[in-house]
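Below is one structure; the comments refer to it alone.
Labels A, B, C and D are assigned to the chains in the order they are written; within every chain, residues are numbered from 1.
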Amino acid sequence: MSKIGVFICHCGENISATVNCGKVAEVAGKLEGVAYSTDYKYMCSDPGQTIIKQMIKEKGLDGVVVAACSPRMHEPTFRKACSEAGLNPYLCEMANLREHCSWVHDKSDATTQKAIDIVRTLVEKVKHNKPLSTIKVPVTKKALVIGGGIAGIQASLDIANAGHQVVLVEKEPSIGGHMSQLSETFPTLDCSQCILTPRMVEVAQHPNITLMTYAELEKLDGFIGNFKATIRKKAKSIDEKLCTGCGLCTTKCPTKKIPSEFNEGLGFRTAIYVPFPQAVPNKPVIDKLNCQYYLKGKCKVCEKVCPTGAIRFDQEDELVELEVGAVVVATGFNIMTTSEFPEYGYGKYPDVITGLQFERLASASGPTLGEIRRPSDGKIPEKIVFIACAGSRDPAKGKPYCSKICCMYTAKHAMLYQHKVHHGESYVFYMDIRAAGKNYDEFTRRAIVEDKVNYLRGRVSKVYEENGKLIVKGVDTLLNAKPVEIEVDMVVLASAGVANPGSEELAQKMHISYDAYNFFSEAHPKLKPVETNTAGIYLAGACQAPKDIPETVAAASGAAAKVAILFSQNELSREPVVAVVNRSAPPLYSTCVGCFMCATACPYSAIGEEEIKDRKGNVIKKVAKVNPGLCQGCGTCVAFCRSKSIDLDGYTNEQMYSEVMALLNE
Amino acid sequence: MNELIQKAKSLLESDTVQVVIGYGKGSADKTRAIFLTKPEDCDQLLFDSRCVQNLAVYLTKHEIKHLGKPAIVAPIPVLRSILQLAVENQLKESDLVILGVSPESKLIEFDSFGAIELFLNAYKIQIDEKYKATIDKIKAMPVSERFAFWIKELEPCFKCYACRAACPLCYCPKCTVENNQPQWIPAASHLLGNLEWHVMRAMHLAGRCTDCEACYNACPMGIPIHLLTKSMLQDVEEHFGPYGPSVGKRNTLSSFNPDDKESFIR
Amino acid sequence: MKLGFYPGCSLTGSSREYNESILAISKVAGIELAEIPDWNCCGATAAHNLNHELSVSLPARNLALAELAEMEELVVPCAACFNRLVMTQRELNENESLLAIVSEKLQFKLKNNIKILNVIQFLEKYVLPQLDELVKKPLNQDVACYYGCLLVRPQKVMKADRFEDPMSMDLIMQKLGAKAIDWPFKTECCGAGFSVSKTEIVGELSGKIVRNAVDRGAKAIVVACPMCHSNLDMRRPAIESYLKRKVDVPVIYITQAIALAMGLTPKQAGLQRHFVPVNLSVTQN
Amino acid sequence: MTEFEPKIVAFVCNWCTYAGADLTGTSRIKYAQNVKIIRFPCTGRIDFMLLLKAFGEGADGIIVSGCHPNDCHYTSGNFHARRRWIMFRGLLDLLGIDVRRIQYSWVSAAEGAKWADVVNTTVTAIRELGPYTDYAKVANYLEKEANV
């Protein structure tokens, strides 16, 4: 026989104005299993809570129903009170008499009767409540940051500076990402490398950061606080401990004509290479796909010239397993290589280039040492056209979204061009100028007014070559709307920002969601912008959508803060509302028959297999097993289980069943 | 037929399998399931149009599993059930040898579940027009009359659970009806319990049933419970596309499409 | 194999050679084209500028006649006719009330599921597979394939690949042994209907097309649309007066090019009907 | 004779409809008293058997309500529930269990007014249909036997 206490709250007059609280308490007191029942003006006040606590002790209550406001409001309050009086908090339930009864009905006997029905229902539920304890999940205070661009660098530094271990994984031989390729940055025109390289060095030297370059995530298992990551460290073919980074090998390597990724194909590199002079780590890797030795079995020039004997041709990929508590995904973006736009001639005409290529031309460390020279013949272009929205805002052929950064960098490009080629003429074809941001509109205005960049509002229909010139056919839609044809020396496409190739695969490895364009999805577009739907995995930067540097850095610091918050606790406490697969006596061991319909239905991939073994270790049967770290307690699995073998603590079959029975039986 | 007998013999002789599940002569003019463990008994095997029992039901039975690895005589309904059992993780390819029987009574061997699926592509589940007509007729009744019709149909049910025992997909070791915490369905047979039992049975088969009619064939009272599952098959097809067991395809009810269409949710 | 065939007005008048060459190559390829009995205007230009219902009803009648003749696929060589028929089919499939109005007018319930093929789609599906065997005299010339607008737009309906830089005719021409030059004017406007009202505009627009083709070394311009053909060919005087120079590059239908490559005579291909003479030594050697 | 007051049970999810009904309360929007709410974590948790049991225990009508598609707190519980309801509804309809007595709806945490409307229209509809005597006769079969 249960000993349940029922506490009816008047909520001032919020409840008692329409519900006869005294009557409710009186009737509730007579219900089977109710040992004590009372009503009080403010149950949530200190004296109110004291009544509950006293009665738990005095009457030895084994269940409590507080009939007051919505449990969404005060359930934690009353559960805490019960807990303080020594009663398991999960033996306390709330009956919602305010939002669901007194506020929505007029004063009448029927309203009071409904209140009684609600209380009776919860009393029946509480009879079947079990003591539950919060689930404690230990937290491994080490973070994995995937991607070593400015987002990954910022996130790593912030987490490391908060005192936690970080492993930063970068797939290229150096960290730095797209930002290291940029010339100057808007809206201040300060040099990208100058502000980035100190951060890169800081990463390399930080005692809390382990840097793994030329490495990729192979697998991610586990759950918040307890991930197990497998990292593939691709063979660099050098012994990093011995290599001093002297660079002799890269100067002697006979294979010199490999298009440089860092220079976007506008320069060359060798087969053993450091992607750029400021690379971190500043040690070379051998590109096996282009190295003569790997291709033909002969060469080994680098091995001969290496003063420390650091070359290792037989090195193999290495798989490293890491235990981490949180993951920050900062894999960045890429730009559309516009094969979908044959009319712009990208790939056909060497002097039609992407914005990223223009960055390399404008960069002091680039292939032209910062002089704007066109790729075909090295001439300084006298006239240049910039095409904005090359692929963005184009549902027919490109991407329907706005790539956000192009308006600003196109203005910057035109400005840099005008600064470097004083007599040059520049044109920008645009749809709209989207320059929302601190000092952004001023910047684009400066390009137009001070640097005399010709902005033409209209689209380009075609770029073609005639007599060594590029003819840009477009339209100027303003005022005297007319078709325009401009003969130019170079065309720069502000290509749409797109998700990195392989991001879909990566998202699947991590079980995070992604949108139709393969950008990773945040848990909530407004209130959880750096969280993913998987607890413990956060997003930073342009892997989520195209972002500029300030926005990326802000997101990275936001993600780092989330990690630091997580790491501020030794254990995570979770509501024990999780699903459980039953156990029974042999020979059944569990009524679960292992059809795993629940596993396919689980939104969190929280259900796995468990082998039930006999004493000799032989597998008797395979049953479902819920990982309480991953389970979020939706109970979808419960409704699927044909044999009722899986149940949800807090909302068990018995509890829900008795609620239905009680509600309908006066 | 000889082919089948020879194959069964050689499987037992070589000890590839320890039991052959097949059809043999039953009482009167009927056939029944037989379980052969000795090569010399294989001559008892037969196959003809009377063999409608779905033998796949034995594959998950504890008693049969104990006999060792089985070979099973599998006409199309059995093949469908085997495939569905595989989808539900109840069978592995290495668990059994399948002696497929084509509609022309030819022996077909399958080396993988994929091969069964490929074969079954030519034999999609099709609901007989006469059943469709019956279902339509029932659906055309006014709701009260329809309810009365079914209550009357279900009244003779005395919960022998033969329907459950005959169904290859009712393989749970402990059924919801045996659950008493809470007692979802009253154990005794009476109108409400009968109704609840059959609703539950049909729902548990939604999207899984392969339309073998074993339940109906097994029912001693001849209650047309197969109409329920057939109607649900139609519903599956109407709402979620073509139906049929398929390896690697999620069960209709444990999967979803964000664009699922309905017209009754406000 | 028997396919439905809708010639339209142009193919019986100004572009008879288009008709002749299609029929000629079909015969060689063993394809029977069955003309829609009692066909009428496709609704182009006049109708679709003035009366929407009429512009749908006219092509719908043709579609209905084709359905009555139990045609499953319909070849429509004229790009304008093709455009009208396809647009009509789509519109009737999307607009039930319009379909009801049109069905009422025609006294016929359209199933509206005929597959409509333009000449390129027809060639790709039925001629291309046998082309290797049928080419007897490869064309060893540089040609410019000119697509114009009607075969590729509106993109949503036509679903042409790379509609700013289509390649389908180029690929067929390469099969014939010709070299299809890479040029930027494949889909530029030829001036279309201004041919009649403002010929000087056609002179300028078509002039730029012809000039670019010639400057890039094309020895012939290959087309698949009667309108394009007449502007580039018949309006050559206007083109020359715009360009202020003489241009003798011939304009041929892709079907004529195939006919020549199949070894048919220039007459069978209808080459004698052009305004700009087609110099055989230019197209074939 | 007093007017028939239908007994209606509402099965709702915690995150959308329960919160939506809370909002109805805080907005002081009045609705009929006939509906009593049972809180589930998610519509995905709602076992079809509970709906049957509710009719068996004398409910005249049922409301099932949760998050709008794509808004599920658990990302996809409501999608699973929707499929289940599509199938369950078809089966009940075939069996002559009156599907008009089950109102399914999506009510978000922001739709306090919609909740009141769903309740009121359901109450009106069930009132018109009258008590569910067909089912009650079957359900009371047991009691009658016990009384004999």
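Methods note: a residue touches a chain if its C-beta (ideal position, glycine included) is under 8 Å from a C-beta of that chain, and two chains touch if they have at least 3 such contacts.
Here the structure is a predicted model, which means the values were calculated and not measured.
In terms of C-beta pairs in contact, the better-connected of the chain pairs B-D and A-B is B-D.
In whole angstrom, the spacing between the mean C-alpha positions of chain B and chain D is 33.
Taking the mean of the C-alpha atoms as each chain's centre, chain C and chain D sit 63 Å apart. Distance from the chain A centre to the chain B centre is 45 Å, each centre being the mean of its Cα atoms.
Work out the mean CA point of chain B and of chain C, and you get 59 Å between them.
Among all residues of chain D, those that touch two or more other chains are 48, 53, 76, 80, 84. Residues of chain B in contact with at least two other chains: 176, 184, 253-255.
In chain A, the residues touching two or more other chains are 601, 640, 653, 657. Pairwise, the chains that touch each other are A-B, A-C, A-D, B-D.
Listed in rising order, the residues of chain A touching chain B in the complex are 584, 588, 591, 593-598, 600-601, 622, 640, 642-645, 653-654, 657-658. Within the complex formed with chain A, the residues of chain C that make contact are 155-156, 162, 164-165, 182-185, 188, 212, 215.
Those residues of chain B whose C-beta lies close enough to touch chain D in the complex are 135, 138-139, 141, 143-151, 176, 184, 186, 190-192, 195-196, 199-200, 202-203, 206-207, 227-228, 231-232, 235-236, 239-240, 252-258, 260, 262, 264-266.
Of all residues in chain D, only 48-49, 52-53, 56, 69-70, 76, 79-80, 82-100, 103-106, 118, 134-135, 138-139, 141-142, 145 touch chain B in the complex they form. Every residue of chain A that touches chain D in the complex is listed here, in rising order: 70-73, 96, 98-100, 103-106, 108, 110-111, 113-114, 117-118, 121, 513, 533, 577, 601, 603-604, 632-636, 638-640, 648, 650-651, 653, 656-657, 659-661, 663-665.
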